[in-house]
Amino acid sequence: MPLVSVEELADLVPDGALVALPPDNSLVPNALVRALIRAGRRALRLLGVPVSGYATDLLIGAGCVAALESSGVTLGEAGVAPRFLAALKRGTLAMTDATCPAIHTMLQAAEKGVPFMPLRGILGSDLLAHRPDWKVINNPFAPGADPIVLLPALAPDVAIFHAMMADDDGNVHVGRRHELATVAHAARRSLVTVERMSPRNLLEDEHLAAGTIAAVYVEAIAIAERGAWPLALLDEYAVDSAHLAEYARLARSDAGFGAYLDRHVFEAARRSFA
Amino acid sequence: MIQPEERMAAALARLILDPAAPPARHVAVGAASPIPAAACWLLRKLGTPIRLSLLHRPRGNPFSAGTRELFDLAGQGRIDLFFLGGGQIDGQANINLIGTGDWPGTAARFPGSFGSAFMYLVTPRTILFREEHSPRVLVPRVDFISAPGLSPPDVFRRGTAQALLTGKAVFRFDAARGRFTLASVHPGETAESVRAATGFAYDAPETVATTADPDPEWLAALRGPVRAEMLETYPEFCRRVWPTA
Amino acid sequence: MPLVSVEELADLVPDGALVALPPDNSLVPNALVRALIRAGRRALRLLGVPVSGYATDLLIGAGCVAALESSGVTLGEAGVAPRFLAALKRGTLAMTDATCPAIHTMLQAAEKGVPFMPLRGILGSDLLAHRPDWKVINNPFAPGADPIVLLPALAPDVAIFHAMMADDDGNVHVGRRHELATVAHAARRSLVTVERMSPRNLLEDEHLAAGTIAAVYVEAIAIAERGAWPLALLDEYAVDSAHLAEYARLARSDAGFGAYLDRHVFEAARRSFA
Amino acid sequence: MIQPEERMAAALARLILDPAAPPARHVAVGAASPIPAAACWLLRKLGTPIRLSLLHRPRGNPFSAGTRELFDLAGQGRIDLFFLGGGQIDGQANINLIGTGDWPGTAARFPGSFGSAFMYLVTPRTILFREEHSPRVLVPRVDFISAPGLSPPDVFRRGTAQALLTGKAVFRFDAARGRFTLASVHPGETAESVRAATGFAYDAPETVATTADPDPEWLAALRGPVRAEMLETYPEFCRRVWPTA
């Protein structure tokens, strides 16, 4: 399994790729997100699994994103996602609205290699009218009328996430965050940042194995200490709420967002490379 | 001095206990819902045996497979009660979390539908909750339906809204009639002030009750053990509502 | 969460129940299986998840089983399952053949609360002709002819399994055996034996949480030390191959099987209660 | 003295390496398949970069979600090669793991279909393997089809049998013609002895090759590092084939 730098990992995400991102509470690869911005990545299509937050807002603000599919976009207690709202207003972002379990289901279908999966609910929601890719059939197992939504399999080009550790074989440990396993299984390839390397094989340990995503799904790994910052990493470090509040404040204006990018994405990298 | 949030939490707790509604053995509460969470913790701390799943609690929530497991459980009908809000809510209990203007929210954009399009139909009981009570929020007809309050008879649906709680009042929802009825107004409000602040038509009794304040036992529980439980998951909320505790 | 004896746990399985059992390599609750035999349970319908072995053969031989659905019945290196073959020959067992991923898929559908899920393959297999509950439709997402099998949700009345440990809240730890999580989620209730109790909450530990099945699915728990014997329990103890070979030899005849039951199911219990 | 199992493992290894077949980057091997497992370990130990997933290895297999994950991977087309056996195998590469007589096997009952009904269709490449080579096993037409060798053109299918290896011979399968061709006979067998032991019709060249023995390097690998790897997963097999190692 190639161990690369975060910048090299970013180079493995092509312009225009459909990129799956975890929600803010769960293993967001912010170091890699900053590297994607520095690399000038363009026209990315982001998928929130199943919702989107800080990392998505940052990528949109930096001009990396052409389209977003998500069930919700918010900075949580820090408020609305300002760059998302600005891009939507300017018409520079193609937004596809979904509902959380539908995104999970479309990924599960891809994970399983089936062309679709059904899901209850959704009928009567205007989401359906704006999702020509979602179909309604009558449940073939019902004796009478029983409309049900079928959702198509959705295989992201790349899943990117941050994990606690990786081993030399390329297995990565995400603990209880098993919804990440689903997207890692569903995506054509996964690019992973980790806090550290594990000296032992993660799949050989019965306790760690359950929270481990196997190397078969992983294309490359980079070490990024505190790579989820300013978001939390499970038990290891907490969310930097003050930083998120500062982001929410600055990102309200184009100038403020530009200053934020300069300081926390570009200058910070120059400092660390100096 | 009773905080409005404390009063709303107590009002929600009474709605949860309503013996006429389907049982609430397992209640799930989302990240953006501190007042519903406070209501559930209040009941737990007072001895009601409800299972409470806090979706974004970093540890100790019942889901070892992430939030997908919540939706799976709900799909099975094993989540009895859920709370939903809305950027707009209308008189037929439709909710809109998308936005206003043209799709997908050119005039105002809300955060998105989250799990509402699914949860509203598969959960036996939903309590609608929105602090802001204004004609902007409570509209005659939502611009977009994230999740419908009513469904045709052939659509699989386990339940719908039991009630709507706002910063001004409690409404009950009658699914058969597709209409809200004013149940009580919070202290400081009147039937008329609520009518003026509500954009949708609803029924009201001749004499409208006042929403009861939490009694001293409930207040003590809220300010003590409930606050202690909520501090990790909802730090901003706790600092705002109980700054000196 | 009620902590009960193994005999009390057996009492929670009613005659006629649809009971899901794990495969021989994974957490089979043999102590509970012996208790079911001692309790004289009748007309059970067993489901192999996805295959069946020693425990199923034992229950069939003891007269507890009316029907079996499974994708394979074998004692592994110990050979064929003799009581299964004998019951089939006598016509006392209603056998429903399946294929492994179909059983997983039917359980996944129940787990998700959807009435069916699709699966590739199976077309052209005679299994299909003997499964009127499996339907073929044309894939609604395909532009042309694309037949695909739909499998109905299957919710066992009871899932029974053995786990490493439980905590006071009723969470149980199964490590990497996540296919057990699916059946535990899909079943109406799970009855679990464990080697030991854990002093700490299993869901509070990021490492253990990933391999933990939450109490919400568990109805009751009993402690059964070496409760998987003569089969293996993950890293904790190995399969007793000599015992399985002895079983395979004895169970070839009615008399031999009777002697085995007396010795290892009835007398062993009398000894431990004495 | 070369063991028959060693010769079959080497023959399988050569079939896996066949450059004309789809690539075998990820091979899965089941619990009941020690000879296919030996073939894969042999290639690994000799430096071929194949990913090998042993389904019933208690630890260290690549599946953190149990065997369901294997079937999911295969469903995606990410398992390149699988091995299947059969209580009966016929000339169109149909396999029967159910039984004979009336359904579900009143005359003889086999163990069951396991994953075959799925794997045979979703895997780009399957090698059929059965040590017993007799008219009882290799039949004109299987009593029941667990998994079909051929499918109509509108049925989703990624591949079918590449070859059939038995204790007597190697056959290639031509899916377009739906027919086996004898590729080689093992030492001690002849074209005639194989024909007599085979219940289905097949093609054969005028002069039939003899299955090559493993060379000293391969034999040393089988008896050394391959045996060491297999001891935990297939103890009975290792004791039988390599008793004095």
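Lettered A, B, C and D in written order, each chain numbered from 1.
One rule holds for everything that comes next: a residue touches a chain if its C-beta (ideal position, glycine included) is under 8 Å from a C-beta of that chain, and two chains touch if they have at least 3 such contacts.
What you are looking at is a predicted structure, and each value in this text was computed from that prediction instead of being measured.
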- Task: Could you tell me the least number of steps, going only between chains that touch, from chain B to chain D?
- Result: 2
- Task: Report which of A-B and B-C is connected by more C-beta pairs in contact.
- Result: A-B
- Task: Go ahead and note the Å separation of the Cα centroids belonging to chain C and chain D.
- Result: 29
- Interchain centroid distance [CA atoms averaged], chain A/chain D, Å: 41
- Of all residues in chain B, the ones touching two or more other chains: 59, 63-65, 74-75, 122
- Message: Where in chain C do residues touch two or more of the other chains?
- Response: 112-114, 119-120, 146, 148, 176, 178, 203, 206, 209-211, 234-235
- Which word fits how the chains touch one another: line, ring, star, complete or other? other
- Looking at the whole structure, which two-chain pairs count as touching? A-B, A-C, A-D, B-C, C-D
- Provide the residue numbers of chain B that touch chain A in the complex, in ascending order. 31-32, 56, 58-59, 63-68, 71, 74-75, 97-98, 103-106, 109, 111-122, 144-148, 150-152, 154-156, 234-236
- Note on the structure: In their shared complex, chain B is touched by residues of chain C numbered 110-114, 181, 185, 201, 203-204, 206, 209-216
- chain D residues within the chain A interface of the complex: 26, 51, 53, 59-65, 69, 72-78, 122
- Task: Within their complex, state which residues of chain A touch chain C.
- Result: 105, 112-120, 135, 137, 139-142, 146, 148, 150, 152, 174-176, 178, 203, 206-211, 234-235
- Quick one: in the complex, what on chain A touches chain B? 25-26, 50-51, 70-74, 76-77, 80-81, 85, 88-89, 95, 97-102, 104, 119-127, 130, 144-148, 176-180, 182, 232, 234-235, 241
